[in-house]
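In what comes next, chain A is part of two complexes: it sits with chain B in the first one and with chain C in the second one.
For the complex of A and B:
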């Protein structure tokens, strides 16, 4: 029995080598894409987690201010230290400084070496040789990576700048336990406080609890006693936050990989279906000789597995290679911009690897399921005589006609559902339904269109092709559905990305009104620069200042940006692109305007009164409106400088928008040049920022395009395979035609025309489905996953151009099938029939 | 904890691994004879001086006979960050060390380090020194005063109340205690022997009532190691007859005695002190540590005047090592004393392993 199974599998591989290899390749592609995304993400998270462990250690709890400009009072730190359950609390002051006039601000971590030893041991400094380094004496320590970057050795004198504050000191040694990507400076916490503040407070306290403490309870008790502007978070919260950073992006990529895998399963389906059809006589003979129906079913499944196992194994290898290549080229976030740093190491683990192997096998098994079923139910006698029975249903039975509208309705209703687990799961479901709808409507359209065409007068070859398509909807459906699915997905992505790009373009117009922008990147701008800008001889018609901070609203979510801008309280629309109505705030209340993502994530509505952690306490503010923001996915809130000052905030601008006086553009650049080189500030013009933003945008969709190309390729494979199979299936019919005087050219033309017709139907439905899915992506998936809203803009030229190209490719693929048709040994086939 | 650490400060003091030699511009006050100590004020911290410690050792009878415990707070003013105005400048650093000797079993110990202002605190008015939840504090006045010792750690915890049964003992010349031939090597040194211990002890998951006898020392100084000294041997013994015995010597590299001192207060309260010439330390038995390779004279015969006592450790292996950030290895533990007097107390021996680790 085993021998027979092997023999059949080997025969199958030999006779349908091309189709079998393509199926394997498709499975491999699906597995490879999914696996590589998984590997890359694991590597990125591990890398990010490791970097965070260096800086943050592995505390049981972290106490921090919700507002990045606030701090934890020393009294609170000391009170927590006295708790018997606390083994150690390591306070840190973290700030950003520049060394001399270098452009990028560096993280300076002020720590207390005594408590750091227990909680953040990897930040402990080491003295280099006999430099006489002394952390308590006000020397600093740099990570080896930073020393390399600076080209400095321990012993070097450096000046640290933060705004106007300056600290001249010496690098006393390095931080041996930091990684190759960690660019860090470490100094004693008191020295950092002395030079850069905050007085009487620290940025964070990282807590190590006694091992027998009930951590969750302890945290709950302490959190209940803390003032509202302080937040106690657990290490798990940080992990959740890291994972949340790229979660939606990742899920999106995984859905695409799943699509590739499904397309692979579909290709197996196409191959096996044709294989079963072609061998129906052989199977019928084996059946008569005693092969049970069950064994016939198992044989086809086994053949499916024989495709799936090597395919999935190949996919794992390919996925690993892909992960390596992609991380080297694009970085661990696949161009998504969520993580930074060099390529992380790719480390495959056993369980997920086996999982993806299983997934690949399951896909091929699923593909083989229906053909196996058909093989089981073939009536032997008939099959022996006339070959495979297509069981084709001419037309959709009337009792199933309601299915299509029902599918459409369900797909529509699912777009109305809210996100589940912060993910647009219903949106993805709706996309799946739309694809099913497209595939199921193919026979209907085929019959309707070709029934009508068949009634026209056409040349014989074309007439035959049309008749074939119209009357053998099973094969046509199989061939078309691959194209429908792959093209619909490709088109939808193109539509979504182009809508998004257009929206970003408009948005950039609105948010970049000034010709010049000066940024100091998270450190305050020097006061004398700000004073210089106020003088009458400064060559600027207008200057707008902005300060930034970060607020933690929910410890498990990434921080929300706080933007303090010089806006008119009554006319913020001059600078912010509002999406809805603008409400007038009560006179005595500070007003904030929240970004669209913040509105979606936290459910904040205009007109609502909000308690925000600002300036070291919690204040009541009025939500005046919602503005569009494509750059801060995790939310932003804007407050006017006047309101911020009124609340008692300290306005320390870090960003400037500058309008040079007309005709004095070059004078303006010269005027600023001294500041940019002296303080390491970054000056960019609006056009440059726009180019940069759009190039980042394009980069982040690079992988998406790669996946689309793969899906379309698989769709074309499917078309070629099915067509070739259907040609072989109709060998007798074609042989008869040949005997009747059809020459090879006519036969070829008939087959190519048939392929083109099927492709045309597939593409027609594909375009329609693509637009529908594009709308779902734009209006449901994007807002739910990324909290970005935009309007739908179909790039007709691109979509139709792509459809034309695919049709051309389909004709080429049909030519391959036609080539098979003309090589059929006519005489032998006809002789067999006798 | 490294009780006489100030003598070998540059070697033993953990912060100095990260700190440069102390800033000589810092003016530490000298230790001079004739200063009248005032209590409870002088139970409190003397932050101007370079080093200071509050040191409690004791022997328990409950829950188990000959259990030893020790809790030390060590204050250091390294002379760094003196010019800073930051409230958390590392001007004053506290180390605390706690140990528990389980006879026939082993020694457990744990430590804490923090700077004053960030987790650590002291009072300059009375004995009240703490790092987080670890604390030694004094309450009450006159005949009704007590000390409270609190410490928690994953290995063991205790909370003891110590009640004096005798008056304070001012070492040396009314608290001025010489540590070398030259007068600048000296400290202010106050002992309080024969304190009754009452409280509870938690280890191996069991909380048990604890009772015993303790010895309290408080010492502060500025002096550094006298020339040629590599280590010292010290004992503080509560005698069974109600007396108290304190003896120490400083050793040179050849294990010879550079300087020694003995104070013996008998049960009637009469204090006799002995000078180097009247004192001898004889080694009766060594114990070798397999961990450090150090050879400790765990059985010593100490003669002073006409008296002789011999030490007998309740456990040979009472060697301690701190690893952070430089390894320091020494022996400190509970011993019984026989000879002219019987009693129990603590023996500390340093400088036996250090030469090996350097």
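For the complex of A and C:
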């Protein structure tokens, strides 16, 4: 049997080389995309985890303030240090400084060299002849990567800047255990505390427990005793937080890769179905000679596997190469903006590699399943006499018609389900059901359309086309299905992206009211600058200041941004784009306005009273409303500067929105130029930010467009393959028509008309499904995966234009099939006995 | 080699059975011609005997053990065909994607004959049908007569107990048909197989050991 299977597979590859290779390529593409995304993300996460380990060491627990502007009191650190279960606790103060006028602020970590040796060994400076406490001596150590970046060597004298404060110090040496991407400065904790504060607290305490301690119990006991503004994290919390940072984005990319794999499976389906149809007489003969039905089924599955295995192996190689190329060119970020642009090493692991190989083979097998079943159930005697018998009737039997509304209802109900594991799994399920609904409704529309056409008086060629489709409903349905699936996915992405882009555009109108923006990136703006802006001769009509901090609400989730803005407590809508009602807060209570992602992730509602970790304690605040934010995926809380100051906060602005006086725009730019160069500040105008934002938006969807274009091409190819096969199956009928007086032009016209009709049915359903799937992507997948909401806006011109172009391409594909069908002389076809 | 008893078949929707209570026997080495007008059910009878269509009643015993193909499941029917039956069709049905030798070897593969015997048996039979040296050629390069010789070799290569032939010379010119018929009968007799040949040709029927005619009233 193996010999026969091998003979037939080889024959199949020889006689249908183009279709088989394209099916392989489609499978390879799906596997390559999924595998490269997996490799890049694993590399990025591993690199991020490694960098985190350098800075954080390998502690059993970390104690930190929930508010980035707060700290852990020294008394708490000392109390924990006295716990017999604690082997060591390394207090750390972390802040951001600039060296010279470098644009990017650098991490300065203050540590105690004795405790750091136990918990943070990778941050220890190179110790050449220096001992004990005088290792720092008021100097700093820089990582080799930073020394390279600065072009400095140990012994160099440097100026540290923070705001408008400066400190002169010396680079005493390097940090040999840090990585090639780690830009770090390390100094003695007392020195950092003296210059940057806070005086009686530290940023974090990193704890190493005694080996026999029950870590989970210890953490639980301590967490229960801690004040609410402090948080105790475990190492696995940090890993989860890093993973959660890009999880939805990764899943979304993987779903796109699955779509590519699905189209690959569909191409295998079209190729195998046409192969089965064309070889039906041969399979019938083999059945007559004694090939059992089970073996006939297995043969087609084996042929599917023969496409899947090389396809998946090629996909793995391509995926690896793609991952290498992308990380070398673009870093490990994949356009999501979650990781730094470094190029981490790509390390394939056995289990996921085998997993992707299996996925590719499974997709190919799934594509071959139905053709294999059809091959199994072909009645031998009839198939031997008249060829492939199509079991599926064109119409949907009336007793099965209730399935269509049921599918539609199920798809709708799935959109109402909440996310599972923070992912829109039900939303993806609903999309799959909508595709099935589209494919299943094709026979109904075909029946209606062709029934209507059959009753019309048509020219002979067109009449033949209508009858041909009626006689080959399965082939017509397969050809239409390819277009339904590919066009629905393409249209849905176009609709979602267009809706999103429109929403971002409107949002930018609201959040970028000023002509100029100045920011200092995580360090406070110089006081001199702020004072200068207050002066009457400053060329600015209006200046709005903002400070930022980070809050940890959940240790396993990324931080939430705290935005302290100069807003009118009673009129925040002047600056924030609210999505719903704005509630008046009680007079005696601070009010915050939460972003839409924060509302989605933490379920915070307007009118709710919230306990927020602010300024080193927990404060009761009133939620005044929800505002739209497309820039901070993990949530943001806005509080007015006045409320923040009233609560006792220290307002240190880092961002400015500036309105130059009319006619003084150029003077304003000149006025700011001195500050930007002197302090490494970033000055941009509103139009530039808008262009940059929209260009980042477009880039992040570029991969999506490429995938959808590939899907449409595959759909068109499936149409051409299926149509050509369908026509070839009827070669004798067409030849007979030729003998009866149809000239080649008429025959070609009939085939082209047939292809155009099938494509029209596919595109009509594809557009309808595309709009429905676009709505699911916009209203379900986006809010659940990325916590962004927007209105649905169908770009009719683009969608209908794309449908028109696809129809045109389908006509070209049909012309190819027509040419194939009519190229052989009529007499030869009629005389052909096999 | 073949024992048909009380066989009956009626298609759904037909007003009367195509045939009923048919009895027929073919012994080893015996060649029987089956004549009849179009529509009387000759091909259907052949299909029922081969287990390609299901009879409504009766039994069909095939091979030395007389296994009843009507009572067997689909897979067992296929295995019985592979082991005990050889087929020759009017339309040749030679697989265009396999070489001549591969086509001939198909029944050996399907009846689990040891692989080391395949080449020898295939070559020997190709020589016996006058196609020595044709093994590596593709069917597209062969004439009708040559294709039918390939089909005959394929029908005999696994030494089946029964050969079923449906108009084996129907697609050939009279001179070629004569040659092919002689060759076919000679090889069948050489292997002492039983054969049932469906034909419209009196000339073919005359060459057989026994002639039966299928009429609406039964076999005559």
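We adopt the following convention: the second predicted complex is superposed on the first by the 810 of 834 C-alpha atoms of A that agree within 3 Å, B and C clash if a C-alpha of one lies under 4 Å from a C-alpha of the other, contacts with A are read in each partner's own complex, and residues count from 1 in each chain.
Quick note on the criterion: a contact is a pair of C-beta atoms (placed from the backbone, for glycine too) under 8 Å apart; a residue touches a chain by one contact, two chains touch by 3 or more.
Remember, predicted model here, so these are calculated numbers, not experimental data.
With the C-alpha superposition on chain A as described, chain C and chain B fit side by side in the combined arrangement. Within the superposed three-chain model, A:211 lies in touch with chain B and out of touch with chain C [touch as defined at top]. Partner contacting the larger number of chain A residues, of chain B and chain C: B. Look at A:115: by the touch rule set out above, it reaches chain B but stays clear of chain C. For the combined model, the angle formed at the CA centre of chain A by lines to the CA centres of chain B and chain C equals 120 degrees after rounding to the nearest 10. Judged by the touch definition given at the top, the superposed model places A:81 against chain B, while chain C stays out of reach. In the superposition on chain A, A:14 contacts chain C only, with no contact to chain B. Within the superposed three-chain model, A:402 lies out of touch with both chain B and chain C [touch as defined at top].
Smallest inter-chain Cα distance, chain B versus chain C, after superposition on the shared chain: 68 Å. The part of chain A that touches chain B in the complex is made up of residues 74, 77-78, 81-84, 86-89, 91, 112-115, 117, 124-125, 127, 132-138, 188-191, 193-194, 199-200, 202, 210-212. Of all residues in chain C, those touching chain A in their complex are 43, 47, 50, 52-53, 74-75, 78-83, 85, 87, 89, 91-98, 102, 106-107, 109-111, 115, 139, 144, 147, 154, 171. Of all the residues in chain B, the ones that touch chain A in their complex are 15, 17-20, 23, 78, 80-81, 84-90, 93, 112-115, 117-119, 121, 130-133, 152-154, 324-325.
Residues of chain A that touch chain C in their complex: 1, 3-4, 7-8, 11-12, 14-15, 279, 281-282, 285-295, 380-381, 384, 833-834.
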